[in-house]
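Shared between the two complexes below is chain A, which has chain B as its partner in the first and chain C in the second.
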Partner chain A sequence: MLLIAPFVICYLVVFAYPVYKMFAMSFTDAPLIGEGEWVGLDNYIRMFQNKLFYTSVYNTLYFVVLTVVPNTLIGLGIAMMIVRLNGWVQASILILFFMPYILPVTVVTQIWQWVLDQQFGIAQPLIEAVVGKRVSVFRDPFWAMPMVAVVTIWWTNGFNVLLFVSALRNIPRDYYEAASLDGATRLQQFRRITWPLLWPVTALVLTLQLIMQLKIFDQIYLMTQGGPFNSTYVLLQLVYREAFGRNQGGYASAVAVALFVIIVAVSILQYQLLKARGK
Partner chain B sequence: MGRVSSGNILLLVFTLIAACAWAFPLYWAIVTSLKPEAEVVGSLSLWPQTVDLSSYIFALFETNLVRWYVNSIGTSVLITAIVIVISMMCGYALSQIVFPGRRMLFLVVLASFMVPSQALVVSQFVLMHKFGMINTWGGIILPQVIIPVVVIVYKQFFDSVPRELREAAKLDGCGEFQILFKLYLPLNWGITTALSIITFIMAWNNFLWPFLVTTSEEMMTVTVGITQVGDSFGVQYARDMAVAVMAAMPVAVAYLIFQRRVTQAIMLSSGIKG
Partner chain C sequence: MSGVTLRNIKKAFGTVEVIHDVNISISQGEFVVFVGPSGCGKSTLLRMIAGLEETTSGVIEIDGTDVTCMEAAKRGVSMVFQSYALYPHLSVFDNMAFSLQIASRPKDEIKQKVEEVARILQLDQHLDRKPSQLSGGQRQRVAIGRAIVRQPKAFLFDEPLSNLDAELRVQMRMEIARLHNQIGATMIYVTHDQVEAMTLADKIVVLKSGTVQQIGSPLELYDNPDNQFVAGFIGSPRMNFLEGKVVQGGNDAPDEVRIELVEAPNSSVPVTLSGPKPVPEATVILGIRPENIETGNPVSAEDDAVELSLKTEFTEELGGVSYVHTLTEGGVRVTIERRSDRNHIAQDHISARLPTRHLFLFDANGMRLR
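Right after this comes the complex of A and B.
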């Protein structure tokens, strides 16, 4: 019993209790610190009448669309290039692609703010070549979210590459040899062998991405603060602003509950999908 | 054969170019940090014309960087130690000991995978305030010590240790703690290293929670603190990049040294055998 006690106690105090407390607070008008009165569903009603709530839901979903599938496909593409190399060349190229993933988010955002700086950023000539002028990407409502997505993909793609590389290595070479003896082209090999055999990992990557990107906050807060004109305002930021900016603990908890419910629902869906595929 | 190998060379060249492009922002950050401020905005040369370390000297002596390092190292090491010890003990109990509620505990830990810790920050903040732990190491550390996946990974590894070893140790009169620390832990050093490194990197990189719970610059971790440099001294890119490079250094070095372990830990915690 002594073996499980430390974990169970920590779990109850810093994990289970906050979950309960989040739900409990969402039914009160509590400030961040201090007690509040029971107000029933008022916070939820307010949430569903709040335009900013819908903006954040929309932007969160927009971000998910911009990142989840592209990040998975790019990861797969890079992994397919990497597995065809050997030895130390392969290892060092994998490091180059994976390195960003282990960096702190603030380092990532600082680097990209410099790379994309309107005046001196080294990426600006590239942007100029495409759209004809320099763009202050994080102050432009059209560019801000896609650029946050680009930075996020750069940052997190290494994880996907790693998963795909190991999955690709597990596909027996004989399959490809047999296929090419039968005269199958590269494309056919990919469609008939690689893609189907890889599907469980692809599904895993997609759902892990989905859950991770729904929780977007750090990059947005550090690069755009939700602006310009709320064009990058996301759910977790609403929680942050209501709780820590406007001292509305109860209301912030209600929004947190919404995020919680969305993510748990997605996770259950993921579990069901994976289970269905396992059978 | 000739066609295949020339195709391979083409692929290699293409992959190399892609990899260099991908890593270019990292290279650019390092190069920028080594340039004098005037050269940074003066030219886009890919190599510093004069190597200038004044940005690093500034970062070390004029900002709170050293203080943030101490906070980051201290909290990350403690988080790692606590996570590993409590999760290992719990994983061992789940794997080897029959006790009432075992299945229930296992399911609860599994279900916790789904809980987004980001949604809990408000109530965790309230809790830490009750404990009087706002702006302390304790406040930074406590909410980060529960990582359910570590428990599950340990359970799986302990499941595969041969039963006979445990029986023999029991006959020799060893208690459960002795069996765990003298037998099961040494047999699983590899996975313990892997999990420790990844936990350390995660703790070091965590932004949201330390950002919320620290209220003064002296208590910040490196990851949070470096955003302050631009805020209080104005944006100067050579300086910002020097600070960023130093903030990233410990995790980057840890990754380069323990690459295989990091990879293994990432695979294991995503549910793929490493």
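Right after this comes the complex of A and C.
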């Protein structure tokens, strides 16, 4: 008992109490700092009447759709190419792909604002080749969110690659040799051996991604501030605006509770679905 | 000609050649065992036949077709891996049906074939289980079953019993022998265990450092080894080797040489040779199997024999047979096998007779002198 006391104390002080406080505050009209009056469900009613809340929920889910599955598949694809390399070549390529992950988000967004700059960004010729004109991507409601997704995938993909590489290394070579003796093509080997054996890791990566991407905030705050025309406004940003911009701690807590419920619901749902598929 | 033929097979990894000019011909239905110490290239050779390793030069023929450059799947061989390589996410049925499913055979045919093989291997109760729910011996049988279902031209076994405990190994060894009698297919089996080789093989190929040392039936190799390596490798406990030299004899017969042991100077024995004789003073190695050394009263006194005084170290009593481990005065280990003789050797020193008719003679390079 005494031995786990440090953990229990830390957990209670910096996690359980603040979480309880957030739930409690969501039923009051408290400012950011200080106590408030009990207002019952007023904050929630206000939230459900707020159009920006629905926009934020929609944008958050849109961002999740744009990132979770593509990020996982791209990670798997890169990992499968990397495992085929040997020795130091494999290690160096893996490091190259992992590198963006160790960068702070401010550096990542700065790099991409340069890359995508309408005047001198090196990605602009590519965009021009596809759509016929240069686009100021972070000022265009159509382009803004997909570009935030691209930046996020570029930034976080290395971690998925790492997880997949170690999972792929754990599949014995014998399985592939036995399968090739049995006449299985590379595609059949992937479908019948690699994919099912990788499934637990794939499910883990998908779930981790889902939770992480639902909490999207930094990249949006640094690159678009929710604009243009609220096209990248997400839930955490709403929480931030209400709490720190408008000093409405109680209302911000209600939005935070909503985000919490969404994350719990979606990840439990997804995990159950993945588990069912695995069997 | 059916069966498997290897002609002038070589294999190099980079500049290092690991298989040197191997020639083996295996006829249809034969059980051939590749045996040798670890690193001798036996597994590499097997994988080359399977098509899992490229052949640097030479020709591999299976059933009369040159398969040297053919991909593994088209060679019509199946292989049982040391690790079994069973797919952990598939049931026993699906593991065994894998190759047929890949070949898109009709479902009924797959079911019928798998169930038939499962019956032969007594796996019919376990078809729904996952490999992780099976015992070592059962997994081994699934791996064999997976190979049989394909009805291959040849079975390749890569040290299939080395992950089993001693008792199970003996049991599976008998099952494999029984299976071979039952289905009569060509089987190539790799092991480092000479007992497995002796008990299973119609023909043994002894390999050392990528070269074939000798090919022959188990008893041929035992009774008539070509060199010191084969003589020492085949047989358990291994053959005893003692150094000696050729001495000049006064009244030798033309096909005899006189050998004097380093351990027993001043007493030379005549050994009959039909081939070329070694020159006088040449160093030779004498080999004698543990069961041929006589202790106590001579069995046939008229035989020529080397008399040797040995210091006993310890005795392994196995019931029907016991092995006496001894040292010569010069410190060379000599093992003596004694059967149906429960008289414990109490004394420190025993005198042993090495009858000349049981002696094998090798030159200084280890080649047999016949």
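Heads up, the rule we're going with is that the second predicted complex is superposed on the first by the 259 of 279 C-alpha atoms of A that agree within 3 Å, B and C clash if a C-alpha of one lies under 4 Å from a C-alpha of the other, contacts with A are read in each partner's own complex, and residues count from 1 in each chain.
Heads up, the rule we're going with is that a contact is a pair of C-beta atoms (placed from the backbone, for glycine too) under 8 Å apart; a residue touches a chain by one contact, two chains touch by 3 or more.
This structure is a prediction, so every number in the text was calculated from the model and none was measured.
**Q** Sharing chain A, do chain B and chain C clash or fit in the superposition?
**A** Fit - chain B and chain C, as placed by superposing on chain A, sit side by side.
**Q** For the overlaid complexes, name the partner, chain B or chain C, with more touching residues on chain A.
**A** B
**Q** For A:Glu177, using the defined touch cut-off, is the partner it touches chain B, chain C, both, or neither? Pick first, second, both or neither.
**A** In the superposed model, A:Glu177 contacts chain C only, not chain B.
**Q** Per the contact definition in the header, classify A:Gln119: touching chain B only (first), chain C only (second), both, or neither.
**A** Once the two structures are laid over each other on A, A:Gln119 reaches chain B alone.
**Q** Taking the superposition as given, does A:Gln188 touch the first partner, chain B, the second, chain C, both, or neither?
**A** After superposition on chain A, A:Gln188 lies in contact with chain C alone.
**Q** For A:Asp218, select first, second, both or neither according to whether it touches chain B, chain C, the two together, or no partner.
**A** first
**Q** Which partner does A:Phe260 reach: the first (chain B), the second (chain C), both, or neither?
**A** Only chain B is touched by A:Phe260; chain C is not.
**Q** In the overlaid three-chain picture, which partner chain does A:Pro196 touch, first (chain B) or second (chain C), both, or neither?
**A** Only chain C is touched by A:Pro196; chain B is not.
**Q** To be precise, I mean the smallest distance between any C-alpha of chain B and any C-alpha of chain C in the superposed model; what is it in Å?
**A** 6
**Q** State the interface residues of chain A toward chain C in the complex, per the touch definition above.
**A** Residues 172, 174-175, 177-184, 188, 192-193, 196-197 of chain A touch chain C in their complex.
**Q** If you look only at chain B, which of its residues touch chain A in the complex?
**A** These residues of chain B touch chain A: 8, 11-12, 14-16, 18-20, 22-23, 25-26, 28-29, 32, 40-41, 44, 82, 85-87, 89-90, 92-94, 97, 99, 105, 112-116, 118-127, 129, 142-143, 145-146, 151, 176-177, 180, 201, 204-205, 207-208, 212, 222-224, 226-227, 230, 237, 240-241, 243-244, 247-248, 251-252, 255-256, 259, 262-263, 266-267, 270-272, 274.
**Q** Would you tell me which residues of chain A are touching chain B in their complex?
**A** 1-4, 6-8, 10-11, 13-15, 17-19, 21-22, 25, 32-33, 78, 81-82, 84-85, 89, 91, 93, 95-100, 102-107, 110-112, 114-115, 117, 119-120, 122, 154, 159, 162-163, 166-167, 201, 204, 208, 211, 214-215, 217-218, 222, 236, 239-240, 243-244, 249, 252-253, 256-257, 259-260, 263-264, 267-268
**Q** Where on chain C does chain A make contact in their complex?
**A** 50-52, 71-74, 77-79, 81, 83, 85, 87-89, 98-99, 102-103, 146, 150
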